[in-house]
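Below: one structure in structure tokens.
Naming follows writing order (A, B, C, D and E), and every chain is counted from residue 1.
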Amino acid sequence: MKRLQGLLPFVGVAVLLAVWSLTVWARVVDPVLLPSPIATFRAMWIGMTSGKLGVDFLKTVERTVYSTAIAAVIAIPLGILLGSSEKVYRSVEFLIDFFRSTPASAMFPLFLVLFGVGDRTKISVAAFGAALVILFNVAYGVMNARKTRILAARVMGASRLRVLWDVMLLESLPQTFVGLRNGVSLALVIVVVAEMFIGSTDGLGQRVFEAQQLFDMPDMYAAIFAAGALGYGLNLLFLTIERRFVHWSGK
Amino acid sequence: MKRLQGLLPFVGVAVLLAVWSLTVWARVVDPVLLPSPIATFRAMWIGMTSGKLGVDFLKTVERTVYSTAIAAVIAIPLGILLGSSEKVYRSVEFLIDFFRSTPASAMFPLFLVLFGVGDRTKISVAAFGAALVILFNVAYGVMNARKTRILAARVMGASRLRVLWDVMLLESLPQTFVGLRNGVSLALVIVVVAEMFIGSTDGLGQRVFEAQQLFDMPDMYAAIFAAGALGYGLNLLFLTIERRFVHWSGK
Amino acid sequence: MAGAQPAASIELTDNAREAARRTAPHVTIRGLTKRFSDATIYDNFDFDIPRGKLMSVFGPNGCGKSTLINMIAGLFPVDAGEILFDGQPLSQIKFGYVFQNYREAMFPWLRAFDNIAYPLRVMGVPKAERITRVEKIVAGLNVKIDLNLYPYQMSGGQQQLVSIMRALIVEPEILFLDEPFSALDYEMTLFMREQLQRIFVETSTTTVLVSHDLEEAVYLSDRILLLSRHPARAVEFVHYDAPRPRTPGTMSEADFISTKAHCLEIFQREVRKG
Amino acid sequence: MAGAQPAASIELTDNAREAARRTAPHVTIRGLTKRFSDATIYDNFDFDIPRGKLMSVFGPNGCGKSTLINMIAGLFPVDAGEILFDGQPLSQIKFGYVFQNYREAMFPWLRAFDNIAYPLRVMGVPKAERITRVEKIVAGLNVKIDLNLYPYQMSGGQQQLVSIMRALIVEPEILFLDEPFSALDYEMTLFMREQLQRIFVETSTTTVLVSHDLEEAVYLSDRILLLSRHPARAVEFVHYDAPRPRTPGTMSEADFISTKAHCLEIFQREVRKG
Amino acid sequence: RAVAQDKVSVGVFPISSSLPYFVALERGFFKEQNIAPEMTRLMGGPPNVAAMMTNQIEVSAVLVTLEGLNADVKKPGVAMYIAMHSQTKVWKMEQFVVRNGFKAETIADLKGARLMSAPGPANVNTAKAILAKNGLKEGDYTIDQLDMGQHVNAMTAGTFDGGYTLEPSASMMIKAGVARSLEAGLIAKYILGDEAADAYAAGCAMTSEFIQKRPEVARHFAAAWSKAIDFINKNPDEARKYLAKNTFTPDNVVDMVPMLGYVMVGDMTPKQIADLQKFADFGNSIGVVPEKLDVTKVLQKL
């Protein structure tokens, strides 16, 4: 039973591959545009072992990790602070919702000007996007925290700051993890898009873009698949941390 | 006091404008690249009243609303269903995290093939992206629901389906709204990006792209500002609905 | 002739079955085992809950009273053993249940009125009838609460009252009351005891009451189950058969006093042991 | 001489002030008004909480007992009126507080031990001392709970015990106990009453106890505040001055019985009114 | 006599190269041929090719040659060129620019410069090949590809010293006074090795399915296209006006944006076809076109 549970995530993979194979087999889509899973995995295998894909993958991992880390470090404390006072949050909500709804790619020109063409731009745009999502979730988590526990801490003489730290932070943890998981996925998406559209010589996005330009569909889907798998992996990481630390949710 | 509270959202706007003006005034960025708020609002005013911007705005609203509606209708029930059994959720988590972490723009070619070159592609890619985020949040909300209430419903003889509907749906509502607000913002972003990169004769994304190509910065920022404001507006809509219906959060 | 015989025998069997059903235990617990992390709460526990009796469970904090009724109601899984209803492994039984944490068992998105009516909605009772039935029970219990409030707008006692009404409204087959009067005021507690007794006399519903008030437990019960510290054993299953309806006067009868003293003695002996 | 006079006068004033402080009320409530949606809970309510006394609040469900202590502790805002501590509008007072919904006031991310130690952590007590103090109170109350459990792994009574220990550990200036024994078993309730009395005798902490058990309320209290249905009035402020320590024997004394009977009579008259 | 017009679905990437489409449309050349084009805006090669492969469009008004050839390798006949657009020293398109203030007179002076390039492997490799022909090895410069929409921005902000860019971005930065052109007609000179050669970097393509299933309509379409090309070649200044509202060409540079050398496939000389072949072979050599391809196989004379 326990052993079977470890296999659960692979059900999703299997479903994806089955639908994909079926689509190719039934020729719903021209095979030039959608290669078979086998062709894709061959391209992925070759790319990972001998080609550039492995290097690109690591580059993208690096950028994503940096931007998520920056985003988390900024957004979690800020989110708790903002969420702890609904009024303050309402007053900056415009900014958060505004920028959350603006495509990161529309922000590229501005960030390009501020940070140049190097990695800094890509990381900072991604961190910006991820920070907004994390901030939003953390603030929500704090605002929806159970009031009784906050009152209990206050009556025990906890200062505002202590209440923030000891109660609100922990109360909002389940929601914070939702935010982190949304954030890391978004950071990855933005990094990939930035690699596609702002000058880059490496990274999965550049790989996707180049393969797209060359109509090398197996390569393109191999890179996309690598990005998706990376996203799942990063999510899994947060899930594992969450399971370790947030044992009380729903209790 | 009450009257002042109505003004809170404008604090955010004021901050944005102040920082913006300051940046322009201090010439941190070349004014050709970042026009002043006044120039932008002039462009916006002209665009909205006499130019094409108004039409584009409405087109984008329409597409965003459609895609969010489709996403919500599919993702909320599915999220509750999946969230109600952690095992089932874990088995499809790969798919959800995978596609959440894949840039929508990388999915364009596939959707283009499946849904054609018209509006359907833009709406369906956006709906797909938004649905994943909503699904994720709803499922999380259900999984973190307070167990006692579910037990109470079960002991009163409620069937699995009733528990889903009467308890889990409502328990997960605060989180569902987080998902909806994330979802509507994402749908808007994807619609705009699709308008930019797949190609379109109207919509804010097309406006941004065109202005960018023409190097008409006031026009570009006017369109971006319109998109951001639209995002805020849609978020506000959900916030208002949430406040009406979810009176018990944290209680 | 050959055809009539089986029919008669079936009839007989039916009657016999019915009679057996009436005296057979309502709930049979065999070999029940339940562990939490390192604590063993029940270890091969056997017990029969008699049909149509009001039974109290009395035992020290943390001995496993709530866990027991949660397992009987199918809310917690058992680690081993079986719980049978009329000899059947499980069935769609109508439970009435007042949770010890009544506060968290309310639905905060429903007004008090709708919380009370919820079990009826589950049963598919039409709206008009739901309203009359809620109004009836509220009038019957003489409750003076604004039922338009949401649970989180009510005081602890009010919430518990609503919770009790929600449990009673369905006319359940088995009624579980986990410290149902703990938050009620003096007057209301006495009143609700009488109401519970009245309902029990009228319907003979199998009832399991958890209470830390020994007077209350003895006053209301036909049987008192005394549990030891965990791993819980049934230390004694005390019978108290004073005729119903019992009145405050009952509490000064010798039988009552001696039963209560007996229970207390066993309880204190058991508690001081561990 | 001219210099000494003021000094002496200051000394005198200090003494006088101190004396006044000892007899002056600890908490002064003036013109307190509190409304919830359409219900008025307090309407221009005046009351003084005497210093160094154990005071019980007794009143029907929903009359506003919890709301009152929540307002005194500064957890709920008042609509009008003022609450003064030693004549000062507000100060950084160390409260001990057992919430009526003790379950939700625990921190589920902390083990029972850390929950009890939390107020000490807030005060900046170093870790080693925290551990000794928690161990001392646990030993003093003779509690047999696995303090490594998280709150949601404990029974209702165990949670309430933890909650009580958390309130007592800081040696608070004012202690609020909102139905603190409602989930405790028979033996534990008696035991905790004695412990509360012992602590009170030792420290003379101003204590406000909400209880629906009249016997308990009278047994423990110097003063019993009888509240009416809301809008709450102080119907009577009963004094009960039996010497401490009181013992179970106290409950058969005439003074106790008459006080209890008097309170009950007033309570029932008030309850039946509304 | 009202006859139902023939509908043709056309994918249009609204850059200046798609001018013949707008001329044909606005001057009624399509109407004359009883054709009602249904335009879909599709940004760049990939969406155009995808749409052609799935028969969602029948004509792509402007399809980059190397992308089209690549598609034809993957799925033969998916993009049949009926007209080509030549870029040369006169018909400027690709060029090296430098920001004002950067000391460089020739491409060879770009040693040590931070360069940008039009996006995509074809552009980047072309730029590198040109730099190599001018004696600059990799490492003598840095080059980053950048989305076309960012080129003017980047030069204005001074992010780069210069780079390989396309029209109308080049005209725009020159007009804005932030950059100047070093040299144009680069492909002809350095890649094809002949300053007078035609570099056919893009063209108008049809799917062979369209040509086979509706040959008459395809012919009519080509006729209208041909007439538009004629018009542009004869009246460049009047034709220019159609750039303004239809394509991504700012009003203030409409007058200075260079025209392209538009030619119908049927009018191409053997030399011109050889130039195209040479370009295709170059594409193959840099790995953008995966196989060597006989270009006459993808040219459709209509």
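Note that in this section a contact is a pair of C-beta atoms (placed from the backbone, for glycine too) under 8 Å apart; a residue touches a chain by one contact, two chains touch by 3 or more.
Since we're looking at a predicted model, the values are computed, not measured.
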{"item": "Chain hops separating subunit E from subunit D, counting only touching neighbours", "value": "2"}
{"item": "Partner chains that subunit B and subunit C have in common", "value": "none"}
{"item": "Given subunit A and subunit D, the chains that contact each of them", "value": "none"}
{"item": "Taking each chain's C-alpha mean as its centre, the one farthest from subunit D", "value": "E"}
{"item": "Pair of chains joined by the greatest number of C-beta pairs in contact", "value": "A-B"}
{"item": "Subunit C and subunit D, separation of their C-alpha mean positions in angstrom", "value": "33"}
{"item": "Chain centre separation (subunit A, subunit E; CA means) in Å", "value": "37"}
{"item": "For subunit B paired with subunit D, centre-to-centre distance based on mean C-alpha positions, whole Å", "value": "50"}
{"item": "Where subunit A and subunit B are represented by their mean Cα positions, the distance between them in whole Å", "value": "16"}
{"item": "Shared interface positions of subunit B, touching two or more other chains", "value": "29-30, 33, 109, 113, 146, 196, 212, 251"}
{"item": "Sequence positions of subunit C contacting 2 or more other chains", "value": "101, 104"}
{"item": "Where subunit E touches two or more other chains, by residue", "value": "46, 50, 53-54, 150, 153, 157"}
{"item": "Touching chain combinations (by label order)", "value": "A-B, A-D, A-E, B-C, B-E, C-D"}
{"item": "Residues on subunit B engaged by subunit A in the complex (per definition of touch)", "value": "5, 8-13, 15-16, 28-30, 33-34, 87, 90-106, 109-110, 113-114, 133, 136-137, 140, 143-147, 174-175, 178, 181-182, 184-185, 188-189, 192-193, 196, 205, 208, 212, 220, 224, 227-232, 234-236, 239, 249-251"}
{"item": "Residues of subunit D that touch subunit C when the two form their complex", "value": "36-37, 39, 58-62, 65-67, 100-101, 103-104, 144-146, 153-158, 161, 179, 182-189, 212-214, 264, 267-268, 271, 274"}
{"item": "Subunit B partner contacts - residues on subunit C that touch it in the complex", "value": "70, 73-75, 92, 94-95, 97, 99, 101, 104-109, 118-119, 122-123, 150-152, 166, 170"}
{"item": "Touching residues (chain side subunit B, partner subunit E) in the complex", "value": "29-30, 32-33, 108-109, 112-113, 116-118, 196-201, 206, 209-210, 212-216"}
{"item": "Residues on subunit E engaged by subunit A in the complex (per definition of touch)", "value": "45-46, 49-50, 53-54, 67, 70-71, 74-75, 116-117, 119-122, 144-147, 150, 153-154, 157, 159-160, 287-288, 290"}
